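Below, chain A partners chain B and then partners chain C, in two separate complexes.
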Partner chain A sequence: MEPITLTPPPAFGLTAQQLAWLTPYFFVLGGSCLALLLSVYEATKPSISVPATIILAFLGGIATTLPLIEQPPTLLFGGMLIADGFTAYANILFLISAAAVTFFSRRYLLNQDLEHTEFYTLIALSALGMMIMAASTDLVMIFLGLELMSISVYVLVGFRRNDRRSNEAGIKYYILGSAASAVMLYGAALFFGATGTTNVQVGAIRAIQMGMGQNALLIAGLLCILIGFLFKIASVPFHMWMPDVYEGAPAPVTGFMTTGLKAAVFITLLRVFSSMVSVPALSPQAMEAFQNVLWVSAALTMFLGNVAALQQTNIKRMLAYSSIAHSGYLLVGLLAGPQSHDGFSAVLFYVVIYTIMNLGAFAVVSAIAQKGDTGLELNDLSGLSAKHPGLAFLLAVFLFSMAGIPPTAGFTAKYYLFYSAIQAGQVWLVVLAVLCSAIGAYYYLRVIVQLYMREAIAGSPLQNWKPSRAAVTTALAAVILVLQLGIYPAPALKMLRLGPAEAPAGGAPAEAPGH
Partner chain B sequence: MIPVPVPVILSFCAAIFFIGLAGVLIRRNILVVIMSIELMLNAVNLTLVTFSAALDHPHGQMAVFFIIVVAAVESAVGLGLVIALFRTMRTVDTDQIQLLKG
Partner chain C sequence: MSPEAIFFYLFAVMAVAFSLVTVLKRNPAVGAFSLVLVFFSFAGIYAILGAHLVAALQVVVYAGAIMVLLIFVIMLLNADSPSLDMDRTHWTLRALSLAGCATLFAFFVWAFQNGSLFPQPGQFPPQRVAELGGSTKLISYLMFTEYLYPFEVTSALILAGIVGSVTLAKRQKVKRGKA
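And now, the complex of A and B:
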């Protein structure tokens, strides 16, 4: 192989525009450092000042990201990070999810005797990891962001440290998550060996120039990276950790994992996948093999996720399987993306809607959860509508939305996703997806039957309690968004189509030849 | 001195990596599993250094420093979780840690 000349990186002095792109990162990093200082300074009442600081940092991050959406794409740190509309949307999504979780988990932590202020700092650091990961075009940066995100969440999952279930969930997630990161990293090493760079887009262009469409090293590397991603989004056959972890983790952490974490991994996968598609680095046969792997994985994920959810009696565990099923739908959209008119915008819309409805559902679940996360069995929920009609209604709307029943946003999102898959010619996959959604409706509706049509049973842990106001506020905001995007989705769709549809592929540092 | 050919070193790295992966999947003691994860990460480091030397490109060696730092952080968190687990369960055997299933 010919020696590769090293191009000197541009100077590290940042222009004003680059600095503007980095401001949200500084906000989150600064906020979490400040929160760590405040948490040992009793005079500031850490139990109030720390979450307040973190939420302000998140809001500052959102406020500074909003004006950047329309800005032209920029490269940061010598092409390690890319800042474009896609990055801006992703950052806003992560920050909203993290801010909402911080907001409604304070009362939860107080109720559960888990009041340790590190919780909020870990959420902030994890959000920072997501923001880094979703913006990176370099495999080393992706790894660093991924680890910052995951390591914080390993601790959060095991946060109830005197509880066996939480400990077990933490250790399971840690072991399988680290092993998956190591596999992904091995893929990155092989990618580096084949192309001489760890930058995804530069590597893809070099692969074309050197005619490496069938290069075994490159294919093995990409396969390892794909396995790492499939593991992190819990698609079959790498899904077995997810139900255990979701059940054992404290409820707001589970909410954070289904929303922010999953969106972050999926958005990064989208970026890597779209740059591999837009620059046809692999030969058509190799590309087809990869698509077949994704096809099989998507089909199995939808099917197994929905079927396994049917038998669950714990709502957190049921939502975990439902989350696996939704990963399957997202994979369908990912496969269809390159051939459909709107590219990946249907997938992005789905990710956004999925995040909103899950945030709402887990806000309600966190409000219901009694000490030690009891009271979340389906039997415990029976007759909830009699005592707490508002809460039962909110949960019911989110469940309808996850099942994809109009006029909720879940329906619109599914509609656009399957529509784009049909445009791309994935008819069989869509037929399967619709059948699986029909199976899915059964277990979502079963919860609603419990809420509305059963009498409360005696001896349930849900006796005298009041839902926290923060959780209800969060759920209310989410419900408004779910209904609004369900009835009138056009503005949101138009917004997402403008920016990200072209951005992940079009904003490449060195423009790809052709395409 | 005759240099060791690159494919030999790479095969060695791959062997170490898969020994580590097998350890994660097969071994029952969590401490051994954490050691196996370290083995996987170190196999990756060795691969990167080998490619870096073979391609005469420093990027791989640079990545190794990041990986070493992350691996240290990761094992610190992992051992912390193991201690918390041992306090409540009095075991580090994965066969006996099966509260969550179904």
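And now, the complex of A and C:
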């Protein structure tokens, strides 16, 4: 009997260019392993070395990704890792988010008696999961990346081990998240059964070639996968877990979840969605059914998120509901993407802006938070502008931006998003979205009223306390970006115009079907 | 009915029945042992499909190692009495969840009745696997060639799991300066 003669091992034949694409991944994985080793020496007395190592690894990852943006797209590991400009942008976004969170959380952790070096390692591993997930359309890799990202975050959510709310949040997120992963995995199995491949792009091409646009197995599989994604970005009706989890998690972790994690899940959803749409894999009726599912989910998400946020008195919980509302806007952009002129660039721009403004807002919230994340009720914030005018101004800019008020980037992002949705003919959805934004303005402005127009309560913990310099620096950088992108967004929009990946191996280009 | 089909239905019914027992029984030891039987049924189904290595691993790893750990945990925590009041669930909630399950079941019945499997055989039908030296050899080869990337990512995933569980379980740091 002859020995095994299969295809030659592709992993060992990486070209220099392909290795360059892997360098950011090596940086992040290596950084987290190095941080683990350093933690052994730092076990008794945590010092700056572990977070510094992690931040350096993130910066190294960003620095090695930057020259790759202009590189021609390639496929690694038989299409399990798609290396294109979209991947590069996504990786930079995740790494910036993770680096910023690491940067401003050290002081927070020290203040809260939570300083364990594992925190930073878990952030790094989670970022690695995001990078893996968003760079693939292979369901195996999407699932592995999703799990790597989620498992690290489950632990980070329950990081305040002595606090009941943090424990509850961790357990809740873990159980519900696992259920969602199981649904997604089941969907992947059905997809494999229907198309004989786990790669969504290949599957889409096979589906169109063999005319299985009406195949119920394929539709059921895609629906399960979609439900998994919708759960992770907390869109209605899969949003129940989110307020409790966001409130119970330590503030920087909440910031990480609303920025990096959400962007990662959304970008992956965008990749999967666009590869199903660009090759119209499903029959028009099935496609319409999916669009209706997304339409209803987007409408409900915007509406419920904004209405529920109205009643919140805790700023962390309010930002959680506002994050649900923003998921709704993102879904509007996703729906509109295939039929608008600029494709998905409007929604990508929104993801970037949303990430920046949320990072900034959570940097401020982490700086304000007292021990055990108390002191985050709206009343506690009253009169902050008198004592800390700079900090109050920073928070106010982020809230204006989330409400979508010019000249902040939040306005520009919403404008482009709704404009692209109008182009796609989703007029009713845009009307609803604008109405919901108007509701949203109320609760964002309410915080600003507290900051600027109320007297400070005597004995407020904010009276004699100094905000951490790292958090202020992060927030300041975010404010500069928010204002700059709000006033002059053209270069950023131009950069994001490329949209997600082409079909594998030079197949059909990812052009949206004209309507 | 072919013998494969008979054994498939046997194992499938066993898997479903014992997973129901796992979920519904309050005694955690009963739940754990039902879970062993669920894993055995899965192993049986894998064996019918010709995936003998996976079947063996299922028995050794899941039904063996992981279950031993689980039973250790149950014994260490002395968790034989439920700590939660489970009767508090409102009947509307129960009715809603039952309705949800029924809808989901109907949806999957529809999907499996109207759907069709991918018509072409896979890359490795049983005969080809036998030609290439059996599933163990083939899986080992593929794991380190075609599937090297997921294999390595899995190791990062396990690392995250280890770091996470240590973080949650390790002894609380005693603050210096306090007795």
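Everything that follows uses one rule, which is that the second predicted complex is superposed on the first by the 477 of 515 C-alpha atoms of A that agree within 3 Å, B and C clash if a C-alpha of one lies under 4 Å from a C-alpha of the other, contacts with A are read in each partner's own complex, and residues count from 1 in each chain.
FYI, contacts are C-beta pairs under 8 Å (C-beta built on N, C-alpha and C of every residue); 3 or more make two chains touch, one makes a residue touch a chain.
Small disclaimer: the values here were computed from a predicted structure and weren't measured.
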Open item on the list: Just to be sure I read the superposition right, which of the two partners does A:H116 touch: chain B = first, chain C = second, or both, or neither?
Closed with: second
Open item on the list: According to the stated criteria, A:L128 is in contact with first (chain B), second (chain C), both, or neither; which is it?
Closed with: second
TODO: Classify the contacts of A:G193 with the two partner chains as first (chain B alone), second (chain C alone), both, or neither.
DONE: both
TODO: Please indicate which partner A:G145 is in contact with in the superposed arrangement: first for chain B, second for chain C, both, or neither.
DONE: second
Open item on the list: Taking the superposition on A as described, I'd like to know which of chain B and chain C A:G30 touches: first, second, both or neither.
Closed with: neither
TODO: Determine, under the contact definition given at the top, whether A:R161 touches first (chain B), second (chain C), both, or neither.
DONE: both
TODO: Quick one: classify A:G213 as touching chain B (first), chain C (second), both or neither.
DONE: neither
Open item on the list: Which partner chains sit in contact with A:L76 here, chain B, chain C, both or neither? Use first/second/both/neither.
Closed with: second
Open item on the list: Residues of chain A that sit at the chain B interface in one complex and at the chain C interface in the other, please.
Closed with: 1, 3-4, 6, 140, 144, 147, 151, 154-155, 158, 161-162, 170, 190, 193, 196
TODO: Mind listing the chain A positions that touch chain B in their complex?
DONE: 1, 3-4, 6, 140, 143-144, 147, 151, 154-155, 158, 161-165, 167-172, 174-175, 178-179, 182-183, 185-186, 188-190, 192-193, 196-198, 243-244, 247-248, 311-312, 317
TODO: Would you mind writing out the residues of chain B in touch with chain A in their complex?
DONE: 10, 17, 20-21, 24, 30, 33-34, 37, 40-41, 43-44, 47-48, 50-51, 54-60, 62-63, 66-67, 70, 73-74, 77-78, 80-82, 84-85, 87-89, 97, 99-102
Open item on the list: Taking the touch rule as given, give the residues of chain C at its contact with chain A in the complex, in rising order.
Closed with: 107-108, 110-120, 122, 131-133, 137-138, 141-142, 144-146, 148-150, 153-154, 156-157, 159-161, 163-168, 172-173, 175
Task: Interfacial residue positions of chain A with respect to chain C in the complex - done: 1, 3-4, 6-7, 9-11, 29, 32-33, 36, 76-78, 80-81, 113, 116, 118-119, 121-122, 125-126, 128-129, 132, 140-141, 144-145, 147-148, 151-152, 154-155, 158-159, 161-162, 170, 190, 193-196, 206, 210, 212, 215-220
